[in-house]
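The following blocks contain the structures, represented as structure tokens.
The two complexes that follow have chain A in common; it is paired with chain B in the first and with chain C in the second.
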Partner chain A sequence: MLRYTFFRLVQAAFVLLVMTFLLFMLIGMMPGDPVENMLEGNPALTPELARQMRELYGVGVPLPVRYWHWLTAAFQGDFGFSSLYFRPVLEILGPALLQTLKLMVATIMLSIPLSLLLGAIAALRPGGWMDTVISFFAFASISLPNFWLSLILIIVFAVQLGWLPASGTPLAETPSLGLQIYHSILPVTVLTMFFVGPLLRYVRASMIETMSSDYIRTARAKGLSETTVIVKHALRNALIPMVTVLALGFGMLFSGALVVETIFGILGMGKMIFDAIRYVDFNLALIGLLLATIVTLVSNLLADLAYAWLDPRITLK
Partner chain B sequence: MSVATPALEVVGAGHVAQPDRPRLLRVSSLSVSFPGAEGRESEVVSELSYEIAQGETLGVVGESGCGKTMTSLAIMGLLPTGAKVSGSIEFDGKDLTAFSSRQWRCHRGRDVAMVFQEPMTAMNPVMKVGQQIAEVLVKHERLSKRAAFGRAVELLASVHIPSPERRAQDYPHQLSGGMRQRAMIAMALACRPKLLVADEPTTALDVTVQAQILDLMLELQETYGTAIQFISHNLAVVSEVAHRIMVMYSGRMVEYAPAEDLFANPLHPYTQGLIRTLPDIAQPMAELYTIPGSVGGKRPSGCRFSNRCPLADARCREAEPALREVMPSHHVACFKVN
Partner chain C sequence: MSAIDTELAGIPSAPRQTIWQLRRKRFLRNKPAVIALAILLVLSALCVLAYPYSLLMELDPNETNLLMRFRPPSAKHWLGTDSLGRDVLLRLMYGGQVSIAVGVLGTLLTALIGILIGVWAGFLGGKVDAFLMRLTDVVIALPMTPVLIVLGAVDLSKLGLSQALASSPGAVFLRIVIIIALVDWTTIARITRAATIEVRQREYVKAATVSGARHLYNVLVHVLPNITTPITVAATLSVGRIILFESTLSFLGFGIVPPTPSWGNMLTNAQELVISAPALAVYPGLLIFLTVISVNFVGDGIRIAFDPRSEK
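Showing the complex of A and B:
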């Protein structure tokens, strides 16, 4: 197990290295550069000055050379400056990551029990009225676009009813936990709606398959109550395939957060990457996308470890 | 014991019938049907009546799709949702058809237990074998988890599983097929049920392992006095264990007789066909006999076997023959038998 984890971490580090190169090239191929942005906003900037600034930023240097410079600096812990915020990128990254993690953790903690409950209820009687209602909800959750649902919720609960704030970020300098939760209700609701639908469809399918298996019949033949049969025998088996879905869903949620953060004005990773790309902030966009890669790599590793933990038939070597 | 070459041993190999034992199970006019396409119902078990005495073994024989498994699921109260049941099932003086789901849960696992065909899939893959056995004891005998696990180890030893303490801690995939079936039997016998329903318990096993499992079942029957309803499509296997044999075809009973009578004097053409399909060691080169056609598809009018029967005439295609007692305790449903 330890050896396996170590091996996987080495593997992940290699994937990450390849990804830095690919991302560097992709961002480098984007049209425009930071100096161009400055020129647009400031007519007083002379072409001579622009040339000097390009030299200063190293914009003219060939991409592979720039990549080498960036990599050697990165290994020493220097990920460069943000051209948008005029600060080291790590300083900007920290708080943004924290915001997004809060949003994602809240969403996941709501989505998992909710999808398990709804999926299991729907699977009890496939085609029954409960299943119909829950499946309708699931399809609505899958089909409704994030941005649309966000706007509708803002119109109804923030503008018309005035119950909840439209902004995801409290104005206070150091907001209390209660205030933070109060401001997160709408964005977390949107993300949960976005995540629960596909998740509960998987739980339902997995439960229906499990409930028709032989060992469920054996469990019933022992005289166990239906609750025991479902909770003790079915759910754990049905959960095993869910691990993959969750690991993949993590990436999906990360990208879903981008839209929701932009609409609700939350200064998280999504908003940060969005702004960085929009204003050609090379270093910031790179570190943001690298972090998304790390999240995906780590969640996949955790999924494999969870498999071994849930299913005794799987041994990691 | 020879399951591979049974033909020589078949006649009289069964146990002697013991008719004077008290009755344990009485099934009368049991019918099971499912709603089919276009509002038509498909009947999988029709008007079935039989009895099992305490400590007796009844063999139930027939091809796949004859309603053998549905009959046993009816006794367990485990029929799939949507099944319609009529007739009565009386067990130890209680009418099972009137049971509430709570009474069924008390009945299953304690009074009646079941061993299934597929030992590979019949156990929960993510639960320790010992735990799965202990569960029954916790439920029905109100043992603590610890005590129940200890009992489970003893039960594993009683079905001759080597190093039972270690095996109890194993997961099902760590056991061989034969060992899993032994563990299933240990699980079924945990609460000393009065009736064990064994649904093709040896079909999925190697021939040598089959013989061991049959031996084990007979040994445990002797120890605990458990009655067994032994379902198989294999007459040779049934002949090893059964006192009496019921032959089913397409949801109906076609012949019902003490084991030795049935083998010495099979009356129904279907039973005769089944016995002829057994390989004969005296003629090793002979081509094996098969009954033409299959059970599935549309039922013919009149006798359900008429479309495959070598003796069928116009009368057989018009009316369905009733079950008659043609010799003492030998019943058959065929117009061609006098």
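Showing the complex of A and C:
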């Protein structure tokens, strides 16, 4: 197990290194150069200053050389300056990551119980009317464009009814927890709607398989109540594959967060990456994408380890 | 003996059916899938009729008329006009052509890449397989939307294309198809690999190998024809996903570029319209939703019809 973990960590580190190179090349191919974009917004920049800035940002130096400079600096903890915010990128990253994590944790906390409940109900009688309704809901969930759902919820609940704010960020300087939750209702609803469909389909399939296994028949034959059989015997075992799905869903959720954060004006990682790419902030875009990749890689690794820990039949080599 | 014979003779033998007749029958028994297919056909017909409709009503999808902004539905503009005075219905029809074309072409390209990688990994096995599957894992681990946005932002003129060519509608369209295929092939690759490994171990492949068949012959004659079913199912399901990717990208401004309409980019500025013209924010998204959910139901129907083990 320890050896396996070590092996996987080394592999993940290697993948990350390759990713830095690929992303650096890709981002280098975005239009314009950072100084050009600064010149547009700032007439005070003299040609002499612009030349110095170009030198600072390494414009004109071949890409592979620039990558090497970036990499060596990155190993020393220097990820460069954001041309959009005029601050070191790491300073911008922290608060943004926190925002996105809040959003994702809230979504996961809602999605897991909801998908367990709906999935288990659907699996009780496959093909029954409850199953049909829930399956339709799952299909709707995976087919809904989340940016459109956001717009519709804003139209209905913010504009027409006036019950909820259309912005995900409270205006107050230090918002209370209640106010933060109040502003998160719509974004979290959209993300949950987006996330619960795939999860619940998994729970349903897994439950149907579990319900036909021998130990469920034994449990029933012992005379246990149907609730005990379902909750204690079936659901617990059906949960194991969920770990992997959740981990894979992490990347998906991160993608969804980009759209939702952009629409609701939440200053999280997704919106940060989006703005960085739109306003060609090379350093910020790069670090944002890398961090997103790290999060997914780590969650995949944790899922594999958790899987082996939960199911003793699985051995990792 | 004779008693048994007469009994057997009394049972009418089942009519001979080809596999396709059987599959069609099973599909047609699946009501949601049939309804979804009908919806898809109607939607496609509507989109194809965009040009005749524009001639009939003497409308132009891209001609702006600032005196005609935000008009309510009328005899000439059935769904009203948008913020630049263009006919909403006609733009929805043209936008649908783009979305459906991206969905279909994107799926074909995705399937091509996925099948190549899957067959290659599954048939050869060993180190090649290990490498290709790690590659697949890495691509799966990528945060999809951010990566698609970066790919969508790449300046094609920095890749050596001329400025005019890089910004032509054709290039923009192809670029979306290509970048979506670049990140979406993993599902089909995994399914193809698993199916290939299963076929590779069959006796007829071994017999062919012993008789001196080359890998290419085996793949073309034995493997590919035997793995079409799982690939067809996976490909149908990816049409919906690709349409969603395209609309999200276009919505964010990194996909189909206006004035060419697409269901995604018709919603780009919808956020500013939620108070003045909420209906404009409803139609395009509703059509995306309707198309994608129909494709998914049809895909599920095909999966059930093609899989002899699934009765429900």
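FYI, the second predicted complex is superposed on the first by the 290 of 317 C-alpha atoms of A that agree within 3 Å, B and C clash if a C-alpha of one lies under 4 Å from a C-alpha of the other, contacts with A are read in each partner's own complex, and residues count from 1 in each chain.
In this section, a residue touches a chain if its C-beta (ideal position, glycine included) is under 8 Å from a C-beta of that chain, and two chains touch if they have at least 3 such contacts.
Just so we're clear, the structure is a prediction, and the values are computed from it rather than from any experiment.
Undergrad: Following the superposition defined at the top, how do chain B and chain C come out on chain A, clash or fit?
TA: fit
Undergrad: Between chain B and chain C, pick out the one touching the greater number of residues of chain A.
TA: C
Undergrad: After lining up the shared chain so the two structures overlap, which partner does A:V260 touch, if you call chain B first and chain C second: first, second, both or neither?
TA: A:V260: touches no partner chain.
Undergrad: Look at A:I273 in the shared chain and tell me whether it touches chain B only, chain C only, both, or neither; answer first, second, both or neither.
TA: A:I273: touches chain C, not chain B.
Undergrad: Applying the touch criterion given at the start, work out whether A:L297 contacts chain B, chain C, both or neither, answering first, second, both or neither.
TA: second
Undergrad: Under the stated touch criterion, which partner chain does A:N237 make contact with: chain B (first), chain C (second), both, or neither?
TA: first
Undergrad: Tell me the contact category for A:V229 with respect to chain B and chain C: first, second, both or neither.
TA: In the superposition, A:V229 touches no partner, neither chain B nor chain C.
Undergrad: Contacts for A:P145 in the overlay, against chain B (first) and chain C (second): which applies, first, second, both or neither?
TA: After superposing on A, A:P145 lies in contact with chain C but is clear of chain B.
Undergrad: Touching A:L310 in the superposition: chain B (first), chain C (second), both, neither?
TA: After superposing on A, A:L310 lies in contact with chain B but is clear of chain C.
Undergrad: Which partner does A:T218 reach: the first (chain B), the second (chain C), both, or neither?
TA: In the superposition, A:T218 touches chain B alone.
Undergrad: So if I take every C-alpha atom in chain B and every one in chain C after superposing, what is the smallest distance between them in Å?
TA: 5
Undergrad: Please identify the positions on chain A that touch both chain B and chain C, taking each partner from its own complex.
TA: Common interface on chain A, chain B vs chain C: nothing in common.
Undergrad: Quick one: in the complex, what on chain A touches chain C?
TA: 11, 15, 18-19, 23, 26-32, 126-127, 136, 139-140, 142-149, 151-152, 154-155, 158-160, 166, 248, 251-252, 254-256, 258-259, 262-263, 270, 273-274, 277-278, 285, 288-289, 292-293, 295-297, 300
Undergrad: Write out the stretch or stretches of chain A touching chain B in their complex.
TA: Touch residues, chain A against chain B: 213-215, 217-225, 233, 236-237, 240, 310-313.
Undergrad: With touch defined as at the start, can you tell me which chain B residues reach chain A in the complex?
TA: By the definition above, chain B touches chain A via 76, 78, 104-110, 113-114, 116, 118, 121-127, 135-136, 139-140, 171, 173, 184, 187.
Undergrad: Help me check something: in the complex, which residues belonging to chain C touch chain A?
TA: 32, 134, 137-138, 140-147, 149-151, 153-155, 157-159, 240, 244, 247-248, 251-254, 264, 267, 270-271, 274-275, 278, 281-282, 284-286, 288-289, 292-293, 296-297, 300, 312
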